[in-house]
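Sharing a structure, written as structure tokens. Questions coming.
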Amino acid sequence: MNHECGVLGLYNVQKPANKAYNALYALQHRGQESAGIFVTNGESFQGYKNFGLVRQVFDEEAIDRLDQNEPRHAVGHVRYAGAKDNIVSNIQPMFFRHLRAEFAICSNGSILNYDKLNHDLQNQGSIFQSTSNCEIMAHLLVRNSGTFLPALQESLNTLVGSYCFVIMRKNRLYAVRDPKGFMPLCYGKLGDGYVVASESCALDMLGAEFVRDVEPGEIVEFNKDGVRSHRFAPKQAGAICLMEYIYFARPDSTVDGLNVHQARYQTGMELARESAVDCDWVIGVPDSALAAAQGYAQAAGLPLQSGLIKNKYSGRSFIEPTNQKRRLAVQMKLSPIRYLIDGKSVTLVDDSIVRGTTVRQLIKMVREFGAREVHVRIASPKMIGPCFYGVDSSDYNDLIGAKKSIEGIREEIGADSLAFLSLPGLCKALGLSQDQVCTACYTEKYPTDLHDFEDFVQSLEVKKVPERWY
Amino acid sequence: MNHECGVLGLYNVQKPANKAYNALYALQHRGQESAGIFVTNGESFQGYKNFGLVRQVFDEEAIDRLDQNEPRHAVGHVRYAGAKDNIVSNIQPMFFRHLRAEFAICSNGSILNYDKLNHDLQNQGSIFQSTSNCEIMAHLLVRNSGTFLPALQESLNTLVGSYCFVIMRKNRLYAVRDPKGFMPLCYGKLGDGYVVASESCALDMLGAEFVRDVEPGEIVEFNKDGVRSHRFAPKQAGAICLMEYIYFARPDSTVDGLNVHQARYQTGMELARESAVDCDWVIGVPDSALAAAQGYAQAAGLPLQSGLIKNKYSGRSFIEPTNQKRRLAVQMKLSPIRYLIDGKSVTLVDDSIVRGTTVRQLIKMVREFGAREVHVRIASPKMIGPCFYGVDSSDYNDLIGAKKSIEGIREEIGADSLAFLSLPGLCKALGLSQDQVCTACYTEKYPTDLHDFEDFVQSLEVKKVPERWY
Amino acid sequence: MNHECGVLGLYNVQKPANKAYNALYALQHRGQESAGIFVTNGESFQGYKNFGLVRQVFDEEAIDRLDQNEPRHAVGHVRYAGAKDNIVSNIQPMFFRHLRAEFAICSNGSILNYDKLNHDLQNQGSIFQSTSNCEIMAHLLVRNSGTFLPALQESLNTLVGSYCFVIMRKNRLYAVRDPKGFMPLCYGKLGDGYVVASESCALDMLGAEFVRDVEPGEIVEFNKDGVRSHRFAPKQAGAICLMEYIYFARPDSTVDGLNVHQARYQTGMELARESAVDCDWVIGVPDSALAAAQGYAQAAGLPLQSGLIKNKYSGRSFIEPTNQKRRLAVQMKLSPIRYLIDGKSVTLVDDSIVRGTTVRQLIKMVREFGAREVHVRIASPKMIGPCFYGVDSSDYNDLIGAKKSIEGIREEIGADSLAFLSLPGLCKALGLSQDQVCTACYTEKYPTDLHDFEDFVQSLEVKKVPERWY
Amino acid sequence: MNHECGVLGLYNVQKPANKAYNALYALQHRGQESAGIFVTNGESFQGYKNFGLVRQVFDEEAIDRLDQNEPRHAVGHVRYAGAKDNIVSNIQPMFFRHLRAEFAICSNGSILNYDKLNHDLQNQGSIFQSTSNCEIMAHLLVRNSGTFLPALQESLNTLVGSYCFVIMRKNRLYAVRDPKGFMPLCYGKLGDGYVVASESCALDMLGAEFVRDVEPGEIVEFNKDGVRSHRFAPKQAGAICLMEYIYFARPDSTVDGLNVHQARYQTGMELARESAVDCDWVIGVPDSALAAAQGYAQAAGLPLQSGLIKNKYSGRSFIEPTNQKRRLAVQMKLSPIRYLIDGKSVTLVDDSIVRGTTVRQLIKMVREFGAREVHVRIASPKMIGPCFYGVDSSDYNDLIGAKKSIEGIREEIGADSLAFLSLPGLCKALGLSQDQVCTACYTEKYPTDLHDFEDFVQSLEVKKVPERWY
């Protein structure tokens, strides 16, 4: 049910498995726990998927075997999973056979009325083998009457939450983005065919020409007659997840018209306007906060330095499941440059604070390298509420911003000063109004009904800290 | 849909994942392509499965994690799969959630009306993600009315073919064997709990006490009140697969009251009575024909020698999918003892001839080692028909016995003489009447309707050789 | 310094690395911890070696790379190592460059004056990077004057102990066997070239024609003029290690004119003549004692059964280093056939008893399967002394035969009766006089001076049990 | 014989293997093909080494085993090797036993009179198993008279070339840097003990306090009395390899008093002063040229952007041996940010041009993303001569700067303009005079005799292009 997955579709291309491999490689940052590709030649489907990185799941032989019967279309997936859902049955894409249609699906996002839909479908005789959105969608599809497209539209209208789907039938491909457009999805042209992907960086990897983002509430259908747009929900203000700009997406991707690197740079500039503090050096925390640090230094007129070096030989700490590994990861992966820090006043610019453990370790380490003052500037607002749309910060107990004031956080992490970018500032930096984005984790104003999570949210009301940050 | 899988169930034992691991290890010969274990503590289910041998899929940590929430029951599976079905969705056990029941299933065997059932279920809205019998069963179960047991009975009555199922609910375990009892299934007592397994060797591995075989057409239910037997089909003459005795099962297993090693020994004795030929040495082909060779030599009063040595460092040739590998495998794995063969007349006793490629390579090699005469005696009848119940010899084109007379086979494989055990001889050796066994591959008399395969069989009528061997 | 290694040489053959791979595969039982191949095309040397089984160290690409510059000769090695010597520097073959000769060496065996030679060579300026015999030999070679052959002869005359060497120069290959011929070494003809190997099974694997064993004290030289024999020690009574026949060598190998399988069969017959005991079944312990059990049953007129089944999916317990693993290995790898054992009196025929732990576990297991009586017959004499020539039973403290009488052992292992084959009986079975074999582990009469081990042996004098078994 | 290796020594610390593991992890960028650690407790030595990254060679168990006998000292090594030398015998550290001393050595660098020394030593009876400097040193050491230190001094005086050695005896550790100080080596204090390492980043990883660089021509000895400095060559102008600052070393390391990141930043500034060109964006090529790009943009007053994103999931292209892989690596690892490039004039700042293939691919890719103009600025001089001191650009045929003028290179790589930093400019940026650095690859003025390579260099005289760039 997690957000960070990468979805992919290819319509009418040669060697689609080979292309899917390269495109998934570009989407690898969206999920490292499993990968899969299904292809079809218009008659039958073939697929392979397993736990592991794209390059671990597939070798040349596996890709060649998928491409051997002259398939023309493909769907592919890279998956990030919490520990609990890390089971073989959840690996995507999923392939479903039913009289009315055979199709392969991949998806990301989080269906908030999953439990109800699941319950209703079971009442009608559906059985479930996974906890995947794909399975919900497959059951809905075959239960809805009429031809495929109306069934798909009807099915989508029963879903509440954040999601993208790419659905491959023998001769058609559908790309779907939820009515709020929580997560990115775009498509491009590749020769006579098309590529759909979570991020435009996958299009670039294939040399495809970007066409446009799929719109919230839109189904884009690719078939032998070309591209057709269908709607299943009216045009409305979207709610793109701000974390895509702040943390998730690759800097070379363009999401809803705004380049991610540019977005980060501009948040840094706005952050400087709001809360610049004097220091010897501005230092960005690699990798995702480097652009924000550049913008911050630029706007504040402060000198920027690459004072923290990332070790090439380790992974990405946010993505690792246990707390213990996260701590070790900090020490093994970020190395301060002593001469830039020893005796200096430094400002660390980071993209966000979730649990606070990483930044606390980091500040401790920077002080051990001799820093005189350590200021922290965060290029996003303080998170106070759990995300139910997919970001894996949903464990409310770990969210330091929900429990502590800014001053409390500052104390906890050991910084000399701490400031977050304001929500208005963030929106201004992105050139978006608050109506166009999901601000849930900063405001607890959820853009959709919460369904399965309502009781949980009510139970939070009592416990949470009264302080508000804006 | 293949026969050779191993199924396992554990009811009311401590550390069921640990025990399942050891028991699956004992069943490893029944399937090497994937392995899985699901456990329940009466409240929730947990499982892990993947491609690979039992010891590759599971390490100590994985087993400990499954056993950590004090589960008491488990199902486990080792799978043999043809190349086509070797996809991640087919790995067992499968876990299904539905309002009326959550359950994990593992199975082996071959459902002959799979296509019809699949079609009917799809007509009722079921969708399929695999080609596994488990999924058919799961859909049937939730579509049948009433409580679980009647639903199970009703479901089973719609199946035609060979199968065993082990089904684990939160507090119950069901062991099912098809009305003909094509494949073995037995259970034993372990402390206060029970073990169900495809072969008794798994019971021995756990130190469990053998109780009895599950009967054809029987459901054995394990619950807090103990063991209860239910029938879903009347008692009738069974049709145990003869290949279990001849080739598949482990020699230390006892199947339907007859020890497998003993069975093989006795087929060898009967073979000698039918067609003993004078020679310097009787030599069994390792491993599965060694017992038959012992019986043959004993009954014929001929000297036995271990003239073929199996290399410890290779696998099992029958199980490997491609023809090419099979040939190489012969040369790398069986080594003749020159002094026993050079200048000698030898009789090779083997368990069966499927394609004839292995024995041809073997005879060629033995002649290169100087054998003067090479006689071949096969401790089972000539196979003339494809098996639809699970044995992976179903590709009729590869079945040398379907295309050639005994003399034709002799010529093809290059033996000086060749004899097969007669079917009456085989039955006599096993102490069974022809009514109690499946003779399909020897007689083309199939104990059930063939359903999906009927057209195929009719198309064979024209092509096949008129000669009969009995 | 261990005995069980396999050495290999190929002279004047095409694709020598490819052939070496296949031959080493046939010698794999002599060492599983590392493997290596060096080749030469008459100008330069190339090699690869690493930890692991032959098939793990080499893939097709590695073999092709070695064979790409049209080499004609090769040396190869599989190594068994105790835990202490299991270091990367000891992996063979070793390649040495010196002005007077470049050469690759592989060896097995144990040099008893290693410490003295090592000390002397160090005194002369040699430095050592490993504990391998190869390195001693290389230093001796370059320090001896004259041409290569005299230097080799002179060098060998300084060695005391058991050893074989295969030495490859750019255009010559030398095969050396120590003056006592402790370990096997033979050669055969392959096309226009030659193969030297520890066991004849490697010749058979390549389809080479066996020529003869290398004689004790002989150097066989292969060069462009063919084969020449040189002596470095006079012809004398040999001292072939009896354990080669009893346990180590592959049954299809012929060692010094006697086939190993035949040897084992005959020890079983002799064992029966000496100490047959009535029972329901004679059961051999797989794999190495099966032939002895056949001979035993034949000579005793007792019925033989394969009552213990070896699991295909595990390794070889003797070879694993720690005591703990050895115990687990027994339970996981040998499965008794219950119906042959339950209520029966059985005689287990095994090849040897070293520590006694395996057979004790085995007897315990057989009794749990219902055996009424368990007799044990060992097809070799009781071991009372450590082996310094290579067999990895040299840890005197573990040798049960050194500490206990036969009755004491019987009690310890829990057998109803126990008998060993007498030494005279063993020799008679092999058709050899006691002068032709090494009886050290049975008699503590060591065929050579003990050098490095003298103090150790004297320290044993006090402790050892007075009882003698013959 | 390659330069880029990382050497490490630990004296008088607890759990030295554990610490060595962490320190080698920090040095991983200096060599990825093998890793090893040897430890001593003052009585015996233990070690483990193999092919692979540090984390692949060692697991927790391996480290614990090394640390179990309370060792106090360690040497460690990570190795980069060309394809030819990538053999198991070359893996370091190497351990040598000789009467006069047992010691473990690790080294980096390139001994230019290797052939002569090797020949002379062979003449004296030394034999060689590897092509490693360690082995040369070991033989020299034991052949020199007197105690260890004089022998070491004398030995070092026979070497010509670039090198560092760390030598561990039972109770002493020696750190050696060649008389020119081609490569970095420093030491620090850790509790009561010491750490020696190729780069200071390894000291930081352990929390050790930096003391100083080892001086050219110095031996630093660590023993129970503390630290003592010995000289084996007079103080003189050094010849530190400029590539350490430009490319090899980690930015957080300080080499001979100058922080590497700072050095790179300053080369960028100087580059701007020499050859700034107007453009829309200055873009650094990740990772090693990012600091230079920062300095360049700063000094030129041009806007800097992170326009090229490095994929987290790939390796480092320079280090991979074949040309083919290098090309694929570029496409898979660097992703341009389209909005920063499309229609823009960009200046790519890179650290060096060796073969020119990477930058050509890069420019091609950037143009495909729409760049209007692509200027290239290189923060180091044009390389015209092979390096014999260790940098793996020694294959003269691949060195584009040796064959082509700057204009020729510009054309070849497809840039709109191209400039290199001048050598005086480079020295000025680093605050060093040309006497203190090795300028060989820029000037073909080699700081030492070339010995083995003299003929090679003479053969180049004829072929090379007359043009000079400064």
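As written, the chains take the letters A, B, C and D, and residue 1 is the first residue of each chain.
Heads up, the rule we're going with is that contacts are C-beta pairs under 8 Å (C-beta built on N, C-alpha and C of every residue); 3 or more make two chains touch, one makes a residue touch a chain.
None of the values given here were measured: they were computed from a predicted structure.
Participant: Which chains are in contact with both chain A and chain B?
Facilitator: Where chain A and chain B might share a partner, there is none at all.
Participant: With centres defined as the mean of C-alpha atoms, identify the chain lying farthest from chain B.
Facilitator: Most remote chain from chain B, centroid-wise, comes out as D.
Participant: In whole angstrom, how far does the Cα centroid of chain C sit from the Cα centroid of chain D?
Facilitator: Roughly 47 Å separates the two chain centres.
Participant: Approximately how many whole Å separate the CA-defined centres of chain A and chain C?
Facilitator: For chain A versus chain C, the centre distance works out to 60 Å.
Participant: For chain B and chain C, what's the span in angstrom between their mean Cα positions?
Facilitator: Their C-alpha centroids are separated by 39 Å.
Participant: Identify all positions of chain B at which a residue touches two or more other chains, and write them in rising order.
Facilitator: In chain B, nothing touches at least two other chains.
Participant: Following the definition at the start, I'd like every touching pair of chains, please.
Facilitator: A-B, A-D, B-C, C-D
Participant: Quick one: which bits of chain D touch chain C in the complex? Just the residue numbers, please.
Facilitator: Of all residues in chain D, those touching chain C are 36, 47-51, 87-89, 91, 94-100, 118-119, 122-129, 135, 138-139, 142-143.
Participant: Using the touch definition up top, name the residues of chain B that touch chain C in the complex.
Facilitator: Per the touch definition, chain B meets chain C at residues 25-26, 28-29, 53, 55, 200-201, 204-205, 207, 210, 250-252, 254, 259, 261-262, 265, 287, 290-291, 294, 304-306, 309, 311-313, 315-316, 332, 335-340, 368-369.
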